[in-house]
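I've put the structures underneath this note.
Shared chain: chain A. Partners: chain B in the first complex, chain C in the second.
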Partner chain A sequence: MIRETRSIQTQLAIVGTGLGGLAAGIFAKYRGIKSAQVGHTGAITYTTGYFDLLGGLLGEQILDPWQGLSSLKKHYPKHPLVRIAKEDIHKALNLFNKELNNMGIGYSEPGNTNLMALLPSGVCKPTISVPLTMLAGVKAKEAKSPTLLIDFVGLQGFSAVEFVANLKKSWPLLTAQRIAFPDMIEGQQVFPEVMARALEVPSTRQKLAETIKPFIGNAKYLGLPSILGINKPDLIHNNMEELLGVKVFEIPSIPPSVPGMRLRELFEQKFVDKNVTLIPQHKVEHIELNDDGAKLFFKDPFGDIEISCKATILASGRFLSGGLKAEQQNIVETLLNIPVTQPTGRDDWYQEKYFDPKGHNINQVGVEIDNNFRPLNTKGEPINRRLFAAGTIIAHQDWVRQRCGAGVSLSTAYQAVKYAAKVLD
Partner chain B sequence: MTQKILDFNKLAHELLPKGSGYDSCIACGLCSSGCPAAGFFGMGPQHFIRMAMLGMNQELATTPWVWTCTQCKRCLYICPMNIDVSLLVGAARGAWPDEKKPQGIMRSCEAQSLNSSTSAMGLTSEDFIEITQDVLEEIKAEDHRFNTLQVPFDKKGAYFVVNQNSREPGVEAEEMGPLWKILNYVGANWSYTSKGWAAENFCMFTGSDAAWEKMVTQRVDAMNELGASVWINTECGHSLYALWKGIERFDLKANFQPGNLISYYAQWIREGKLPVNSDWNTMGLKFTLQDPCQLVRKSSGDPAAEDLRFVAKKLVGADNFIDMQPCKSANYCCGGGGGFLQAGMREQRRAYGKRKFDQIAATQASYVLTPCHNCHSQIEDIGEYYSGNYHVVHFWTLICLSLGILGQQERRYLGPELENLGLVPGDINAKT
Partner chain C sequence: MQKHNPAGTRTLKTQVLIIGGGVTGTGVMRDLALRNISSILIDRKDLNAGASGSNHGLLHSGGRYVAQDLETAIECRIEGDILKRVAANCIDDCGGMFVAVEGDDEEFANNFPNHCQAAGIACESLSSKEARKREPSLSKNIIAAFSVPDATIDPFRLTLENVSHAQQLTKSTYLPHSEVYGFDIVDGEIVATLVKDSRVGELLRIESDQVVNAGGAWAMKIAKLAGCNDVKLLYSKGTLIISNSRMSRGVINRLRLPGDGDILVPGGTVSLLGTTSATIADPNNIHPNVDEVDRILAQGISMVPALADARFIRAFAGVRPLLMTSNDVGDGRKASRGFALFDHEKQNLRNFATVTGGKLTTFRLMAEQVGDLIAKRLGSDAKCKTATQQLPSGIGVRWTEPGFSARDWYKRQDPTDRILCECEMVPESSIDNILKEAPGSEVEMSLKAISLRSRVGKGSCQGAFCSIRVTSHLYDKGVYNSDSGLSHLRDFVKERFKGVRPVLWGPQVAQMELAEALHCALMGLDNQTNARAKRKPEQNGSKEDL
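The block that comes next holds the complex of A and B.
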């Protein structure tokens, strides 16, 4: 059959649609740079929805992340966050926050200290910004307010009873109740996504509120797994508060969970404009770098697509997103075979103890960058003056133990776009 | 004929895209979470994958779930490991004994094989030509502006070859008129073929590659013989996918480019050849849109989805257009795909469609636009079943309504408020 290769000409190509890639897209749009972005489902889909800047260091919780950055510098001098001025980190977090709010998902403003955000098993973690649908949970726990926590028949991976059991000592007025979500087929597994989409229909919200009301009693707060809609969570959140007459908050559930779907669908639908081409759920298969930029190649069901650009940002993520791949003995970068800083052998990838406060070496592997956020070859030279890196593919950070994933992604994206803009001028 | 038991794990290695496999599944459940068929018969895409890994071939070969999966590929779309469950569902369907497959699908496929017209409704080429001539005469009699309207067959030198879903000539012949009027309006040089004119392909849904290939081959031969440059598929999702995918899958030689009608609508509007507007929508009627999986996610991707929205907004007014959520390539299948409408599993089909019904209800739109026959039928059915308050319309209906050339007989899918709108014939030449 006769098929023509479809070509896209752009200034900036961004590889990856995780937090780093999407932030790069936002920052590029903000600077008026024409961009094309390609990426597939990755770690962002599994997020709690919380944005961490720095929540842990050497086994200790960090309550003041800004002060924590100074300690980080002392212990991890090559950490990407310590290579960026605090002022730029502030700008990155605030700009991203503002754009998310503009596009339709409300987030709390990143402040001077971390919030202690709730997790599904009944523990808390320090984080810098939370979705507004989850904020009341932080306050309810802080004030130890009378709170009813709801879970649902058929929902796996979220137990109100377990949550209460783990927090009962410090939060005695917390109680649990299991109910059936309206109009679900009896005996089947119920997914958070299904409930969230059902709650986008006003009549379902009314039915749910009627089901919950008899159990509220003296509670001032009501907690739910994260199910308050995918596309208009703040509207649905407000509506549920009106219907129930108490403060309502969500707690992220385990994957497949709603907060990541919200972010992904928000970008897919609200982000595109005349300067932004977004090709979601596809993976770049091959990149050819040249003196004037690069050509990126991939396929969709209908055939071949080629992007020509003047600069490229590699934000392809780590193992889950496909930016890095673990071979039998070593770890490789998958698109350009960029050298990956890593332990000498597989035996050193992990510590013996899973909860070792030092964290596992494999979580710190990644590509090296120069001060302009360009990936380096084995000689320590930039691979191409028009190639930049952003996000967790960068070495020397441990987003798992240090609770710094969003901080690294947003801040490095901000820097990568800043330096890419200079070669585009 | 006895049930053939496939080795699904082995099959996965043969069929799944490069770099993916059952052993790469991280069991995150995103596939089942976004699958309206998950849960029927205790099965879902995640179950399917895990059971294949465990070698539970007997269970997978015999589960009727494969007939409730519409092969819409949303699980593939969302899977970080690129696992395409629909390919294995297709293989599982094919291994069922013919007599145990849903007979509605089988009968439609058999009807397509009866003669060279390839119509699932059993219409011959002569029937089709006769019906089109009758409808053409009626249009000319109703409106003098179409005195010179032509419906060409086997016209050498035509740029476009167009195929037609049998539903129109079979049960609602007057619905063919709007597309002819549009092609005439833009001055398209087009033709039907008398052989292999039908668009639908139920053979693909049987899981039989041989039957699918036979159907595609007949049509490709007819189109190659005509020598047109571009094949335009009618407003129908699966028939677009079945043909272009079939050409690739069976390595057939096709001397034409595939085109989708919606993108041509968009192009003609941009070029000024189709000067539609929303002036007629003085009531502020709200419209939403169902992206056919076969057209968007499985074929042209988001560029086609953007064209759909461009055309829809031009037709109804940007303020009157409300996107369903999720949409574009992330859209949910309505439950009309994969032969589900013909599979006789009404209870499951409607339970599947409840998610689509909720998504429509959330928009509060009074009309659903969709360029797909199966979407159209399913969305109408669930609307009636769940007491929805909306109508389902083709794009061609609104285009002609907007241009003031929609005949009285071409309004069966419009609500009472649009029954007579713009019916006074004007002079088409004055507009062009």
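The block that comes next holds the complex of A and C.
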């Protein structure tokens, strides 16, 4: 086979297909920028599906994230979220929401306060926007309504009994029931993805509804692990509500998560048009920056691919996604060796206690940016005027503990695209 | 004489109370049971919570001690041979090697075969080529190599089998998380040992004819509670690291005077490298740190260069109880240089004995000497049988063996038996069996207790996924039925973290990032902590779901 280098010419190259990368892709498309995007699955299949703006600060839960941003500024003056005007954060969240809705996954509109979203442990987490398939759960919990939670024979890491045991004191009308998923071999292990795809077939929904019905009793709400389809979850959700005659909601479950797969497949199927090239399941191996933009290099089974662009957004994520790498004593950025702000030695990467409310220092490690979201060199100057950073690779934020993953990803992507657009003009 | 009998105290009666659930305590339990003497064994935490659970798992040939301590070397050789016969279930007779690399003391290396001969230890000189053929991961810079009959032993299985066998033979029982807080002493005799269940706070009064203190590094503190000041220990902290794959066929020892990071021991599918040695003031709350890990690794690399690229999944630290001087105060009966048995008679106690010091390899001998003393005091002439009687294996004690769960699962051919821990292939049926049959199993068994008796959480994800899956399974089984299940989960991952923390670099950092996403973002375990802490003052807290 003759392998030849294929070249892609574009205005903007986006490295990464996590939430930050995908948001950058959406915002670029919205602005009419021609883009090419490369990334592998990364961490997106680990998401709960909830979009957090700011839900925690030094171990305290944050109920009003907008007010919380002011407290955040006091404790973390360099936090990427406090470097962005609230209006811009608003715009980023709303625009992303709107575009997702247009493509086919409904999310609740980001409001003034956090929703208390349900987790499979029965613990609640403050979040700004939830998939519409999960929204009824927030309401059922709030009203302590009679609710039936279903789980499935053979489904691991999701126990309705566990959820109920942890909530029964505050929600006495919550009950649990285990059922067999229709058409599966009895007792054998079932997987959320398989169940979700099966429910895209109307007759499976019919059968599932018939199985559940005898247990509904007085329940006004019905909860399920998140299995209501990979594509068109809202349609499946509405259909299940019609079939069952009660409000239905999903609860996230252990990864690989269906809400993450939905986002990934949505982008792979609905996002691409004449202006947008998406190369999923691949990783950029090398970048050469120049005065007019950059060249990005990687391979697929047919040979080498080269992307030439006028601007690049680096949204390569953290350790799990491969944007950062931890050597024995030192943390490095993997593609351009951008300086990484970090503690002096490995002993300071992690706190002594796992659940220390301060969070681990390593989670704040990342690249420094200027006000135009350009990564900085050791002298504090932009590395290249056409290179931008977005998402969790940016330093001074702790997406896990501060429950700010989507907030950081969406709003930094919004800013990065905004400033990239300026150099493209 | 009921002054130590607060309301609500339950009383238990037995012939012998044994304090300390390490290899020695459980060895004493079995030794006595084989003499038809029944006992209650208690531990303030659980089996092997001290040095018995935090060592190399090395069954010494004795080679390690030939140059400095001939007596101990001989003792190791004899005990090692006995254990290979009677506890073959727990042993991988993989052999071992002593190697010196460039820069090591050549004279020390040259004298090694003569020392071995003096101790009766089989020792064969190997050329550098032969050595590297046996152990391809060895450094090219070897200047001397000798093979010795080292082996490895699973201390967890050993302990579980000791308890299991004792329980089969007699009415002996084992109580975890039961801590001694005092002794009721009347006229030179302990009439009762006062114990608190540290999990539920229940007070116990254990009345026994004899009390054995096998507290290891805590033996001095326990002896003092009984008013005995004759046990004097030095605490030596040792740290080890575990790689996620087996780095060698057999044991590899550095041929030099003992130092940091000079023994690499295979343990089923993994390898253990260690150890450090640092004197500390108190045996409580120790954990491995970054400096120790880096030091061990740097030393290990000069012997086995592949360690530089190995992935380490965990570190752990233990405390060696070292006897302070050989010049005893008089009433401790000195059995050997390695360990000591104190009969405490000169401290005016007639039914109390302490055994401490020693090594994993010599635990059986320590138990034998305790057994002899206790039997004599009880007027029994039954002889020790542990040197000849096989340690029987039972299904409830086999789950710590790498691969056993997977083989058992495969044999069952049951499609409804789902794998909960994917790294170590532990299915639901293994967990159910542990709940039912493992020594020390309880109604509400903690994740930590299950992990101790199995391979759960010991693979490369260090419990990130399986902790959540096993917890759900335990809720489904009704083992947990309140928010205490989540507390067990939280305690388990917190504890694992202490060992993982100092080896977090390379791919393990990504693994940790995933674990934190699961435990915090998906399960909200970090918020649960706050909810609990906050709830305390407000009694009727309405925020229990936070």
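The rule is short, and it goes like this: the second predicted complex is superposed on the first by the 423 of 425 C-alpha atoms of A that agree within 3 Å, B and C clash if a C-alpha of one lies under 4 Å from a C-alpha of the other, contacts with A are read in each partner's own complex, and residues count from 1 in each chain.
What we mean here is this: a residue touches a chain if its C-beta (ideal position, glycine included) is under 8 Å from a C-beta of that chain, and two chains touch if they have at least 3 such contacts.
On a predicted model such as this, the values are computed, not experimentally measured, just so you know.
Trainee: Contacts for A:G106 in the overlay, against chain B (first) and chain C (second): which applies, first, second, both or neither?
Mentor: A:G106 contacts neither chain B nor chain C.
Trainee: Please determine whether it is chain B or chain C that touches the greater number of chain A residues.
Mentor: Touched residues of chain A are more numerous for C.
Trainee: One more residue to check, A:K125. First (chain B), second (chain C), both or neither?
Mentor: A:K125 sits against chain C, while chain B stays out of touch.
Trainee: Per the contact definition in the header, classify A:D300: touching chain B only (first), chain C only (second), both, or neither.
Mentor: After superposing on A, A:D300 lies in contact with chain B but is clear of chain C.
Trainee: In the overlay, answer first, second, both or neither for which of chain B and chain C A:E268 touches.
Mentor: first
Trainee: Does the superposition put A:Q281 against chain B (first), chain C (second), both, or neither?
Mentor: Only chain B; A:Q281 stays clear of chain C.
Trainee: Using the superposition on chain A described above, determine whether A:N166 touches chain B (first), chain C (second), both, or neither.
Mentor: In the superposition, A:N166 contacts chain C only.
Trainee: A:Q188 contacts which: chain B (first), chain C (second), both, neither?
Mentor: After superposition on chain A, A:Q188 lies in contact with both partners, chain B and chain C.
Trainee: Is A:Y46 touching the first partner chain B, the second partner chain C, both, or neither of them?
Mentor: both
Trainee: Of the two partner chains, chain B (first) and chain C (second), which one does A:P343 touch, if any: first, second, both, or neither?
Mentor: A:P343 sits against neither chain B nor chain C.
Trainee: Hey, what residues of chain A end up touching chain B and chain C alike?
Mentor: Residues 46, 185, 188-189, 255, 320, which sit in both footprints.
Trainee: List the residues on chain B that touch chain A in their complex, please.
Mentor: Listed in rising order, the residues of chain B that touch chain A are 26, 28-30, 32-34, 38-39, 77-80, 82, 244, 247-248, 252, 254-258, 297-302, 323, 325-330, 351, 354-355, 358-359, 361-362.
Trainee: Could you pull out which chain C residues touch chain A in their complex?
Mentor: 287, 289-291, 294, 415-416, 418, 420, 465, 468-469, 471-473, 475-476, 480-483, 485-486, 490, 493-494, 497-498, 501, 504-506, 509-510, 512-514, 516-530, 542, 544-546
Trainee: Quick one: which bits of chain A touch chain C in the complex? Just the residue numbers, please.
Mentor: Result: residues 43, 46, 48, 56, 59-61, 119-125, 141, 154, 156-159, 161-162, 165-167, 169-171, 178, 185-189, 252, 254-255, 318-320, 325-329, 345-347, 349-350, 352-355, 357, 360, 362-363, 400-401, 403, 405 of chain A touch chain C.
Trainee: Please output the residues of chain A touching chain B within their complex, sorted ascending.
Mentor: Interface residues on chain A, with respect to chain B: 1-4, 40-42, 45-46, 183, 185, 188-189, 191-194, 197-198, 200-201, 203-204, 230-231, 255-256, 265, 268-269, 278-281, 283, 300-302, 320-322.
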